[in-house]
Amino acid sequence: MKHLISMRDIDKDDILRILDEAERMEDILNSKKVSKILEGKILATIFYEPSTRTRLSFETAMKRLGGEVIGFGDVENTSVVKGESLIDTIRVVSNYCDVIVLRHPSEGAARLASEYSSVPIINAGDGSNQHPTQTLLDLYTINREIGRIDNIKVAFVGDLKYGRTVHSLSYALALFEGVELHFISPKELKMPREIIDDLRGKVKIYESDKIGELDVDVVYVTRIQKERFPDLNEYQKVKGSYKIKKEHIENKDLIVMHPLPRVDEIDYGVDKLPQAKYFKQSFYGIPVRMAILKILIEEFERT
Amino acid sequence: MKHLISMRDIDKDDILRILDEAERMEDILNSKKVSKILEGKILATIFYEPSTRTRLSFETAMKRLGGEVIGFGDVENTSVVKGESLIDTIRVVSNYCDVIVLRHPSEGAARLASEYSSVPIINAGDGSNQHPTQTLLDLYTINREIGRIDNIKVAFVGDLKYGRTVHSLSYALALFEGVELHFISPKELKMPREIIDDLRGKVKIYESDKIGELDVDVVYVTRIQKERFPDLNEYQKVKGSYKIKKEHIENKDLIVMHPLPRVDEIDYGVDKLPQAKYFKQSFYGIPVRMAILKILIEEFERT
Amino acid sequence: MKHLISMRDIDKDDILRILDEAERMEDILNSKKVSKILEGKILATIFYEPSTRTRLSFETAMKRLGGEVIGFGDVENTSVVKGESLIDTIRVVSNYCDVIVLRHPSEGAARLASEYSSVPIINAGDGSNQHPTQTLLDLYTINREIGRIDNIKVAFVGDLKYGRTVHSLSYALALFEGVELHFISPKELKMPREIIDDLRGKVKIYESDKIGELDVDVVYVTRIQKERFPDLNEYQKVKGSYKIKKEHIENKDLIVMHPLPRVDEIDYGVDKLPQAKYFKQSFYGIPVRMAILKILIEEFERT
């Protein structure tokens, strides 16, 4: 692993190694001891699109390991407005730092950047394509909260057509044994046919347009965006039908996940239930990103 | 003290304890030695409204104690624009850090945040309501420059109707013995009647619409904002009458304070006089905020 | 050296001392060891105009020496919009930190700031006037890549009329022995007559409106901005004629420099040639700025 661009570049062993390292990182966090594992190292966060949560999560991860952060959070005030290419920006910034976290609106941007960077690149989102650290923290959450990833049953609820996290996590789960995936969405936002085809044979698949019984280990909820519907009435009708409420999950042995931010697709009444794990999930982003930063920087130093 | 939301939550003993700790912090600053008191700790600055001065002051305080800072300075590029609630943002960010400094345009926001945060919240302004660290640094300035707070005579000059700092400091001074307050303002911007009523019996109060003799220990100046006047002519007339000039204060045994930024309510000629303490006052914000960060983080660790 | 405002304030000895210190800083960077030379010190970056590259370069330099950074990158969210003067901002911020890097759109702003600051000011650009750390990193690049500055032949290509870096570097080179300067530009963007007059007698000068043979050690390219031409056709014609391409430089014993960002005044095909040093040049900004931060902070502590 020189860079972390796409989940497609890493196999099950890589995933398990990252999750393993992340558990050690979680121990560091819980011990409240000062870590200097990445002391003197600099992370550059290069965000061509805003994403406070992802940026703050990476910054926290770096600082919890004793490292430092430079960067910019939007392009408005940068050389980019003067017409500089992504490649030139990467060449310059990679001379300043030890690792780069890049978010860019164009698919393939992170891959391109990795070809010109003198330091490791972590893809924090390239358009609707990949956001691998989200997928890794989702897997970590499942493993920490359920105790296994093999033989897991996951229901995805909401926008399954445009939801990058849902696609990426489905592919990743297909690397494990005995996985069952339930795709629950309005017909306008169904899981794309080609992804279903890719997954078939590797996992058991169920599709539905109703939330129903939720006989699963994990309910993974995503936001349904108004903008996806040509007809606002259609959106209003659909929205309510995919909102997770207390009655859907209480007394069930499952966890509820959500990549956040949540708008109103999970009722606030759910927050207090023991099944609600979406804030814990967001916390797990820290040890997972600590692990990734540590692994990439250490491997880079070795070469 | 789990959080610092409002001056109303703390008593005179709390105040004296903070001022006392702040003096030790000032010694650390003066010694120029590297402090690691908060090494490994992370402050998150969450500013839903811009406030460079307050943000930089807290960042400096944290870093002078060896701590680190993450955060955002405006909401434009955040999950907030995607519709995330303050509560969710606080739940997520409090998982990343050891203390939060929050500025928000809505009254009560900091109190609400403190109910959902897993770490201490410091209110750095919630609308026109509270900004307790400003009040504490004002008290610290008086104590350091005059040598006491009991038996102090303070003249407040300018906008006393909308000035949050003036209201908060008046209440805080009323906790001390023998305090005299002179409220000097245009009639349109007088101290609100209900605050006068609250203070009566605890402090001696004088009201005037003229600067006059200034037979006081402290002249606390605030900005008069054009926007407060329906009639611009009225503003122009009033403005000049409440501007502090050299002739008002030279040869007097008093200090001039101002929460800054100053626009033109103190003549630049005053800056060089020994009575001018507003830049010193802004410096005192550092040791006071160091003290508050240290106290809150240490008490939180203990529980 | 209390501040670094203008190249005109420093002499050849100062330059050589900075370049010398910068080589030691480069050794620190290459050793990959953690430096704590500026541990506990705080740099404030005060940018009234955006400049990501310069800001990130200074932040990196400070952090590579173990120091910390506070600051703001644009004025939009600052006290400035409330009408605060530069002088007041400097007085406040210089109370928070150990050194200030200032960028401001007005000529003379950094000089003014230095008169009111309680800590060293580094000018990172005041309008079209000075940007001394750029000039110092240009000199460092020449010295590191060619091995000398005396007896150097430099061709400046592009906009020589408005190019601040070109003017400043020309004056600096004139402090050295046996320097030859070739000014190559469209007639609309010629080196100003008064600068030519200043330089005459100190360096050999050649002027041309054609790239020609490039019998020099250094080709220093700058961007030609559309906005400089009243007639867009004129710009289109001119632009192509001053673009550096592979055929201009291959098999020549010279280096190509550029202050970056590059738009299209150097062909991408040049990037892979050994003569292309503009990315290296941008890297050299780090050790040079480390040296300047170290020298100014140490001298300030001594006084």
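The letters A, B and C name the chains in turn, as written, and every chain counts its residues from 1.
As a working rule, contacts are C-beta pairs under 8 Å (C-beta built on N, C-alpha and C of every residue); 3 or more make two chains touch, one makes a residue touch a chain.
For reference, the UniProt names are A, B, C = Aspartate carbamoyltransferase.
Note that this is a predicted model, so its numbers are computed, not measured.
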Category of the chain touch graph - line, ring, star, complete, other: complete
Same vs different contact residues, chain A with chain C, by half of numbers used: different
Euclidean distance of C-alpha centroids - chain A vs chain C, Å: 40
Touching two or more other chains - residue numbers and ranges from chain A: none
In the complex, chain A residues that touch chain C: 39-40, 42, 44, 68, 70-72, 76-79, 81-84, 88-89, 91-93, 95-97, 301
Residues of chain C touching chain A in the complex: 32-35, 50, 52-53, 56-57, 59-60, 63-64, 66, 73-74, 260-263, 279, 282-283, 286
